[in-house]
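In the two assemblies presented below, chain A is common to both, partnered first by chain B and then by chain C.
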Partner chain A sequence: MVLVKQRKLSLGERFYFKTVLVGLAYTIKNMFKKKVTRMYPEQKLDPKPSFHGVPVLVQDKDGNAKCVACGLCEFVCPPIAISITATETDRRIERTPKVFEIDMLRCIECGYCEEVCPEEAIVMSQEYELTGDSRADFRWGLDKLLVPESKLKPRLDYIRKMYHRFRADPKKEATAASVTTPTKTSIGVPGIKPHAALRRYGDNY
Partner chain B sequence: MAFEGGEDGFAVTGPLDQLLAWARKNSLWPMPLGLSCCAIEMMSTIGPRFDISRFGAEVARFSPRQSDVMIVAGTLTWKMASVARRIYDQMPNPKYVISMGVCASSGGLYRNYAVVPGVDRLIPVDVYTMGCPPRPDTLLNALLTLQKKIDKGNTHASGNPRPAVVGLGG
Partner chain C sequence: MSLRETVLSVPPTQGDLHSEIMTLNMGPQHPSTHGVLQVRLKLDGETVIGLEPVVGFLHRGKEKHAEHLTYWQFMPMTDRLDYLAPLQNEIGYALAVEKLCGIEVPPRAQAIRCAIAEAMRITAHLVWFGTSALEVGAVTPFFLAFREREDLFDLIDELTGLRTNSEYIRFGGVACDLSPDLARRFKAFADRMPACVDEYELLLTGNRIWYDRARGIGILTPDHAIALGLTGPNLRAAGMPHDLRKSNPYSGYDKYQFEIPVGTVGDVYDRYLVRMEEMRQSARIISQAIESLPEGEFIARDYRYVLPPKDKVFSSMEELIYQFKIVTDMRPPVGEVYVGIEAGKGELGYYVVSDGGPHPFRTHVRAPSFINIQALESVCVGRPIADVVAIIGSIDFVMGECDR
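For the complex of A and B:
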């Protein structure tokens, strides 16, 4: 057992007057400060390009998806929210998704799909406040996922800048080949070809 | 529903169920069932920056008998499932449920034997919310959606919900 001896209060402390005044002064001081509340439904958040909203598919000028249905995002998705069924097409890319579904109630907005995509076909949008009363509403198909490229321009510029350091620069490679100074330090296992998903990082992976 | 009266004051007249819905939707006291990281965002929603009290829902106490809406915020494990169900059963009618975040809505990242694949396996959910965790804005949006649903009378508590789709992504 621990005995705590209580300090004897002075007369002023027992009247409790000073403490009340200090509290009131603090309240009045804060009344004139700038208000911090953001009035949500009227004042919405202004998302920056670095914001991770739900992933959407990029639609090119002809109205087609840029996606080539390689399945890398489906493979890398941690909560397995993406499901793709591929089909053939007469366009130059030859392969396109017939069904592309993202379960928005599974998606955790990690951005791995965007990072792994070799075609810049899936990017994080700035949509972040989805609510609904049925789980079926959250299964987005191609009709909801396709967003024109012009609307996604800030994010596309951002990811080009962000992931640039991982990309192989063709100009640099050309000069490096002509000078023939192989100063590359490979982190990967020598003699083993890197996985297709990693080849986009260049030889420096 | 209408406001009637003149200089002396006014009275609100209308069918009783509409009046009740109007009263209920503007005083939704939440029962915060904070299970993991979503609870942090829920606390932030109650705080001054997002201020849930603007919608009459600031009385967040751990007291199921005095609450109207249960906010399931976080990963619900099977071990916690019976507790969540008991808390829901202790709440007085009419009661509503907001499933906050992907873990509560569908299991989310956790596809394993320990986690309930969506609280709608145990209790009827009125509003689902995306995000991992959702921003406070999203929770406020869910609250506004619930208010609209109460106004229209298509919640589970009023016995007229939208037909639920069972067995998705379990």
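For the complex of A and C:
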């Protein structure tokens, strides 16, 4: 605990004399300092790989979306910005989105879609300037959302590092891997009581 | 006795001098401005004889909204409560759900959380410092405060990907690791901060205009502050050394050395001094947390509630199932928890009730701003109207958190 003491003003301060001088000296000193502001439209931001721009879909080499329309991002999206309709194709990965729409006016760029995606198909881009004349302009469909994988390389490299968790201790990593293999006695992590939601699957889960 | 004190010593309704009572509405301003608060004043001449804060203009129903979202999905919503210190809200909510689920947070994540929470306290106090000085006519502090705030948000931006409202805290830890380079820059900022606070004090502490506007105004006694339920800097300025970081340490705060600044009078000037000192102490905590940053994981290895590593999701069926299961159907055990943390404005509490389903049965936020506003009436009555502005500035509230 430290008491903050109210001090009495000095004579110079009481007659505004010192205050004015201090203020003027401060102003003059700052005139010669480097400016901290940025002239924004001319000087653009330089987004780092960690930057969350608008979410876009990754396009593979054949020009198809990597997305398999599993709907996990649609489920998790807190502001309900994503809507997906799935369809089937003759390709090796037969499921693909017919409609994939993100309402950029709703999107809060939280990055949950990217974090939950099991296919690395939706990532946050570096794009942060959105303009449009109508609400419809902000409903991005597949035509606008698909971006070639090569253009998203910095972000993809970054998230591969970022979401590759538990890398600090390789020894523990091995035990955790063995835990997840289905055995008769253990569910989840050893030493921690399995959750009720898992227990209903019984020991053979 | 100065002229000002002479004027103030005359009781408001002495003799036949009192005039007709006038009701004056201060605010509300446009919804897109920061605080949308209406204050209905009853005035007898210049003197306030009644004050009624009207809240609710920014009500978005966040608590009700939580009942329709999963535990995961409510995390970004907490950012939008106190938008001046968004990550502190996330930490409070995460601590509540972690207590409910019994997740143990690794030490590295705790240290990162501490550093971030203190950084948020600094930004919240900086905005308070800038705007409350602006309200009584000092323009320069606003620009100075926002200079440091931007520096800090640049670091937060690089760490989390978003400037404010950054969804960074996860149940069991944080979303990504703090790189050594960024840690070094956080440390450099923390080392620079006390000098910046000195710079602010140079302009304001000895400034006679600020001194006269702030001293002896809006006095809160400790008993009164406790009766009103005030916490945080307002209570500490009134002379109560109460701080949840000391009295009920969470997230490993007991490991760090810091002091609680306590006021002696409880007026606007004391609240200013307390917050200034708190910024220095916060910088101290950041510095210590970064210096003693433990090695290890940044998120708990708890496969019940934490998403599995991404590379395994791509390759292993088991992890893929867990990924879907945790996102869509994370079910904490039945129970109710309350966790309070020391946010910039006071005790920020989260009360979460779980019925075992994927959505919380009830979520309540003990918002310090809402409780701070209660103090307005009792400290403003009997003062001239010009003091109301200084007092509103000193009490420090954010309407996004108050109305929720």
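The rule we apply is simple: the second predicted complex is superposed on the first by the 146 of 205 C-alpha atoms of A that agree within 3 Å, B and C clash if a C-alpha of one lies under 4 Å from a C-alpha of the other, contacts with A are read in each partner's own complex, and residues count from 1 in each chain.
One rule holds in what follows: contacts are C-beta pairs under 8 Å (C-beta built on N, C-alpha and C of every residue); 3 or more make two chains touch, one makes a residue touch a chain.
Keep in mind that this is a model prediction, so the values were computed, not measured.
Q: Identify which of chain B and chain C touches the larger number of residues of chain A.
A: Between chain B and chain C, the winner on chain A residue contacts is C.
Q: Is A:Val36 in contact with chain B, with chain C, with both, or with neither (first, second, both, neither)?
A: The answer is both, since A:Val36 touches chain B and chain C.
Q: Applying the document's definition of touch, where does A:Pro78 land relative to chain B and chain C: first, second, both, or neither?
A: both
Q: Please work out whether A:Val54 is in contact with chain B alone, chain C alone, both, or neither, and reply first, second, both or neither.
A: In the superposed model, A:Val54 contacts chain B only, not chain C.
Q: Tell me the contact category for A:Glu129 with respect to chain B and chain C: first, second, both or neither.
A: first
Q: Tell me which partner A:Leu105 touches in the superposition: chain B (first), chain C (second), both or neither.
A: Only chain B is touched by A:Leu105; chain C is not.
Q: For A:Val2, decide between first (touching chain B), second (touching chain C), both and neither.
A: In the superposed model, A:Val2 contacts chain C only, not chain B.
Q: Looking at A:Glu149 after the superposition, I want to know if it touches chain B, chain C, both of them or none. Which is it: first, second, both, neither?
A: neither
Q: Between chain B and chain C, which residues of chain A are contacted by each of them?
A: Residues 36, 78-79, 108-110 of chain A touch both chain B and chain C.
Q: Residue numbers of chain B touching chain A in their complex, please.
A: 48-51, 54, 102, 105-109, 111, 118, 120, 126-132, 134-138, 140-142, 144-145, 149, 154, 161-165, 168-169
Q: Mind listing the chain A positions that touch chain C in their complex?
A: Touch residues, chain A against chain C: 1-7, 9-10, 13-14, 16, 18-19, 22-23, 26, 36, 48, 50-52, 70, 72, 75-76, 78-79, 108-112, 115-116, 118-120, 124, 159-160, 162-169, 172, 176-177, 179-182, 188-189, 192, 194-198.
Q: In the complex, go through chain C and note every residue touching chain A.
A: Interface residues on the chain C side: 69-70, 72-77, 102, 140, 147, 150, 157-162, 165, 167, 175-177, 202-203, 205-209, 211, 215, 241, 259-265, 269-270, 273-274, 276-277, 295-299, 301-304, 306-314, 316, 318-320, 322-324, 327-329, 331, 333, 356.
Q: In the complex of these two chains, what residues of chain A are touching chain B?
A: 36-41, 44-45, 54, 78-80, 103-110, 128-136, 138-139
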